[in-house]
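First comes the structure, then the notes that go with it.
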Amino acid sequence: MSSFSVTEPSKRSKWVAGTLVITYALITMIPLVWILLTGFKSPADAISYPPKVVFDPTLEGYVNLFTTRTRQTQEFLDANPPQNWADDIVRQYDMVIVGPSKFGERFMNSVIIGFGSTFLSIFLGTLAAYAFSRFKVPLKDDLLFFILSTRMMPPVAVAIPIFLMFRNLGLSDTHLGMILLYTGVNISLAVWLLKGFIDEIPREYEEAALIDGYTRFQAFYKVVLPQAATGIASTAIFCLIFAWNEYAFAVLLTSATAQTAPPFIPTIIGVGGLDWPAVAAGATIFLIPVMVFTILMRKHLLRGITFGAVRK
Amino acid sequence: MSDRTVDRVAKATPVRVARKIRGLSDRAIAWIFISPTIFLLLAINIFPLIWTIQLSFTNFKANRIGREVKDVGFRNYERILTDSDTWLNMQATAHFLFWTIFFQVLIGFTLAWLLNKKFKGNDLWTTIIVLPMMLSPAVVGNFWKFLYQPQIGLFNYIVSWFSGKDPSSFEMLGSVQLAPWAIVIVDTWMWTPFVMLICLAGLRSIPDYIYEAAEVDRASKLRQFFTITIPMVLPFLMLAVLFRGIENFKMFDLVVQLTGGGPGSTTELTSINLKREAFEKWRTGYASAYAIILFVTVFGLASIYVKALNKVKQR
Amino acid sequence: MTYSKLASASAIVLAATTLSTKANAEDLTLCWAAWDPANALVELSKEFEAESGHTMNFEFVPWPNFADRMLNELNSGGKLCDLLIGDSQWIGGGAENGHYVQLNEFFDAESISMDDFAPATVYAYSTWPKGTPNYYALPAMGDANGWFYRKDWFEDPEIQAAYKEATGQDLREPESQKELLQIAQFFQGREIEGKTVYGAAIFTERGSEGITMGVTGALYPWGFKYENTPGSYDMEGAVNSPEAVEALEFYKEFYKTATPPGYTNSYMGESLDAFKSGQVAMAMNWFAFFPGLYADPSTGGDKIDFFVNPPQNQAGSTLGGQGISVVSYSDKQDAALEYIKWFAQPAVQAKWWELGGYSAHNSVLQDPGFVDSAPFAGDFLLAMNDVQDFWQEPAYAELLLAMQKRIHDYVVADQGTAQEALDLLIEDWTETFEDEGKL
């Protein structure tokens, strides 16, 4: 682009725009940075007034997140010296670590249900998207709209019959139930996004393959799938992030066995009320994977969040 | 859908699959590929919806299994629509919807416009700005509760630093006046990037030659902004509003974590009230009617809006 | 508390019983709220594990989510909990909906007598319909809402003099609700040890049961009744009696004039935090927390003392506490019953109290040494004499949530008058009872 182009903003306006945007970005990051910092504070520092920016970092929040502890008498503490650094930390409150907390389990539930439902959504979604993209399907637009419209229902509204259904089928509070449910919610996104990606693959490739004697199935498997790999990967990440973040169904339909991390993290309590450093530690561990994925996915973000309605 | 060929294909070994599928028509393949998805959607969405409609005409309570279920006709609907508390919840929802969309459009568009100046590093900053909306609303909402604490919260502290007010003199989540704004602030923080991204796509879709032609016609920058930029971005912006509207009408997790509907019922959005009716009071029939009313409202409003959107697109 | 003694005792038991390996050892799960007494129960249960060969697992849910999670679990027919220490108000639903196993036969077979437990606790935690000899739980944890205060501040001569000057009275444990408020207002905003302190921490929580449990602490002493005649569901003139209106106005005044800032949605945790951080002079909370408060290194010991909810027109305390029930969906009911049998033994009950749980067993409560065994033991007995509980109807959740809304709307969100709030409450409750076919 020549420097005389009329559409190229001037140096000064670029500088002003940059400053304003960066200011906004920094402000918007404050809550996230605060979560990160609070995770490394002691409970006393976390609730001090005025809020502390400079403090002695400690792993107390993380220790509290992963362990259960009980208070013990001085005699008991004297008789049993601390076993490791984590034990050392809780000793200052006359406590000892008695076992792991539920956080690990809940986090694993998030992983299992997240990946399980993502795999299923992508598997079913790719098949359906391919069919919608390549074949004449009667009432295609209606079906596609129907698939999309299922996203408009408030989760709390669908939760009532799903609760009853799960109760009758014995799926309440099970991993399988949650995987099926999240697949049902995610599949509309998967179909719409993947259809867009597959539409972009020239039909000529498959036609050439068919002429070479491939079956439809082989053409799909050996030609279309590799071409759509990027699209599938980014769709998968969107499905995963949805399942990872979902709260309403999780809080209504699970209680222990299959409870995921989002309903659990806000209820991490310490001695009195909420143990903010432990909550912040849990939040940090839970949010970081999503941040990493977001950065990886930045090129496809727009598509993902608009169901493929807007492509760059 | 369930003709016998299909069944046999499903059971066949891989070698046979290839042979059978070779013999299948495109149409059969299409149905094999689509039907599992449709089946799942029917099971997880449509069947429940029909069941909800049916329950909404009864006095069923999901926690009272032995109790006789009676058909009550439209009584649940009548009760909901004549209950003044329902309208208070609707008002709270409307307030939340209107102001979140207003601020998100205003800030989101401005940011997109600024980012479109293509300053150095704008990609990096876009990614950073986008982060909040990808995070779990329940987990982040819960943490905002901490930021809003009157004495120890960072938000109150920062506000007091700028305004000179005592940080314990105002309660973002506890006061009837401030709580509706507290949830608007968090939602705006979280979802402005969404509107921004869509606006940015709109701005980038405007070809340079249109501006160049306007420049040749000696149209002022301001005029270009109102006659080119705004109309070209409008369909994108309206799409963003549609998405945000539907999402915020369904809003549950963020607000439950922040205020739980309080103080009193000031921030009790419709879906929070619905959750109380359905899963705390266990008035399943009544709650089903409430759910149907909400669903019809969203669907109706969204359809009207989509019509308007299509008109704008055609222009 | 003597954890070390227990630890060594259970070690001996453990050693003794490892030889006698039992057949079909089960994995039992006990569900309860996550709070101090739950930790004590874990300690106590180690002996049961050693004796029986069964393994105990625990699912403790924080109070704000406890009712939601557990009732959801029961209503979905879940098998998570074999044993459930459920709140007193759940007993009606637990019995009528078949969530709990009826224990009469088991009690007869094992000769466990309900006469061995304090009558108020049996009535509240075990029976449905109320007061009939149909038992669905064994009283596990007696509890009521009480008060604690900063003894060191109350005994400080300067503060005492200031109080005398301000009110013309001596600073002491309050003997009426109004005196309680007067003391709280006196402390509100006062500088003590270089910090601004506040009057008292009370319950104002909206989401679960908080503000109802707090406000009934004022309603009962004023003479509030749920019905004109028990069992009639005839609420007009009882729920909205002039005394009830006055009590509700009193609670709002208390909230407005004598609580810390930002105290709009507070329950047990916030009350403990406010007290332990030295923010308040007094606080209400369940007796269950008192052992932990007394043991607290910074505000416990000499600095704390306890009193029973003060009377006004009459004595009255809000009932807390729970019975232990066997969940009917459990596959391991026999082992669960074994636990209850073990738990009902006087020796175990004595240890339960020693560890910080509130036994409801007469052998513990009537022991001559009981009153002096802890600084709050006498107050506990006093409180349990005059406890009242919320509705225990199967529709209790609806009734409770209606009250939560009406009271919070009036007290915290400043809507309408006390009279209007209680009138609306009667409307809500009438609607519920009509749905139930009881009106």
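Chains here go by letter, A, B and C, matching the order in which they are written, and residues are numbered from 1 within each.
By our rule, contacts are C-beta pairs under 8 Å (C-beta built on N, C-alpha and C of every residue); 3 or more make two chains touch, one makes a residue touch a chain.
Just so you know, these numbers come straight off a predicted model, no measurement behind them.
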Remotest chain, chain B as reference, centres from CA atoms: C
Pair with more cross-chain C-beta pairs in contact, given A-C and B-C: B-C
Centroid spacing, where centroids are CA-atom means, of chain A and chain B in whole angstrom: 17
Rounded Å distance between chain B and chain C, as computed from the means of their C-alpha atoms: 40
Of all residues in chain C, the ones touching two or more other chains: 72, 75
Residues of chain B whose C-beta touches two or more other chains: 62, 151, 279
Per-residue overlap in chain A, given as positions that touch at least 2 other chains: 47, 163, 167, 252, 274
Partner chain C, residues of chain B touching it in the complex: 59, 62-66, 149-151, 168-169, 171, 173-176, 259-266, 276, 279-283
Touch list for chain A against partner chain C, complex: 47, 70-73, 75-76, 79, 94, 163, 166-167, 172-173, 252, 255-257, 267, 269, 271-274
Complex contact set, residues of chain C against chain A: 1-4, 7, 34, 39, 42-43, 59, 61-62, 64-65, 69-70, 72-73, 75-78, 80, 269-270, 272-273, 276-277, 295, 297
Of all residues in chain A, those that touch chain B in their complex: 5-7, 9, 13-15, 17-18, 20-22, 24-25, 28-32, 34-35, 38, 46-51, 124-125, 127-128, 130-132, 135-137, 143, 146-147, 149-165, 167, 180-181, 183-185, 187-188, 191, 215-218, 241, 244-245, 247-248, 251-252, 261-263, 265-266, 274, 276, 279-280, 282-283, 286-287, 290-291, 293-295, 298, 301-302, 305-306, 309-312
Chain A-facing residues of chain B, complex: 17-18, 21-22, 24, 26-27, 29-34, 36-38, 40-41, 43-49, 51-52, 55, 62, 107, 111, 114-115, 117-123, 125-140, 142-144, 146-147, 151-154, 157, 167, 189, 194, 197-198, 200-202, 204, 208, 211-212, 215, 236, 239, 243, 246, 249-250, 252-253, 256-257, 271, 274-275, 278-279, 284, 287-288, 291-292, 294-295, 298-299, 302
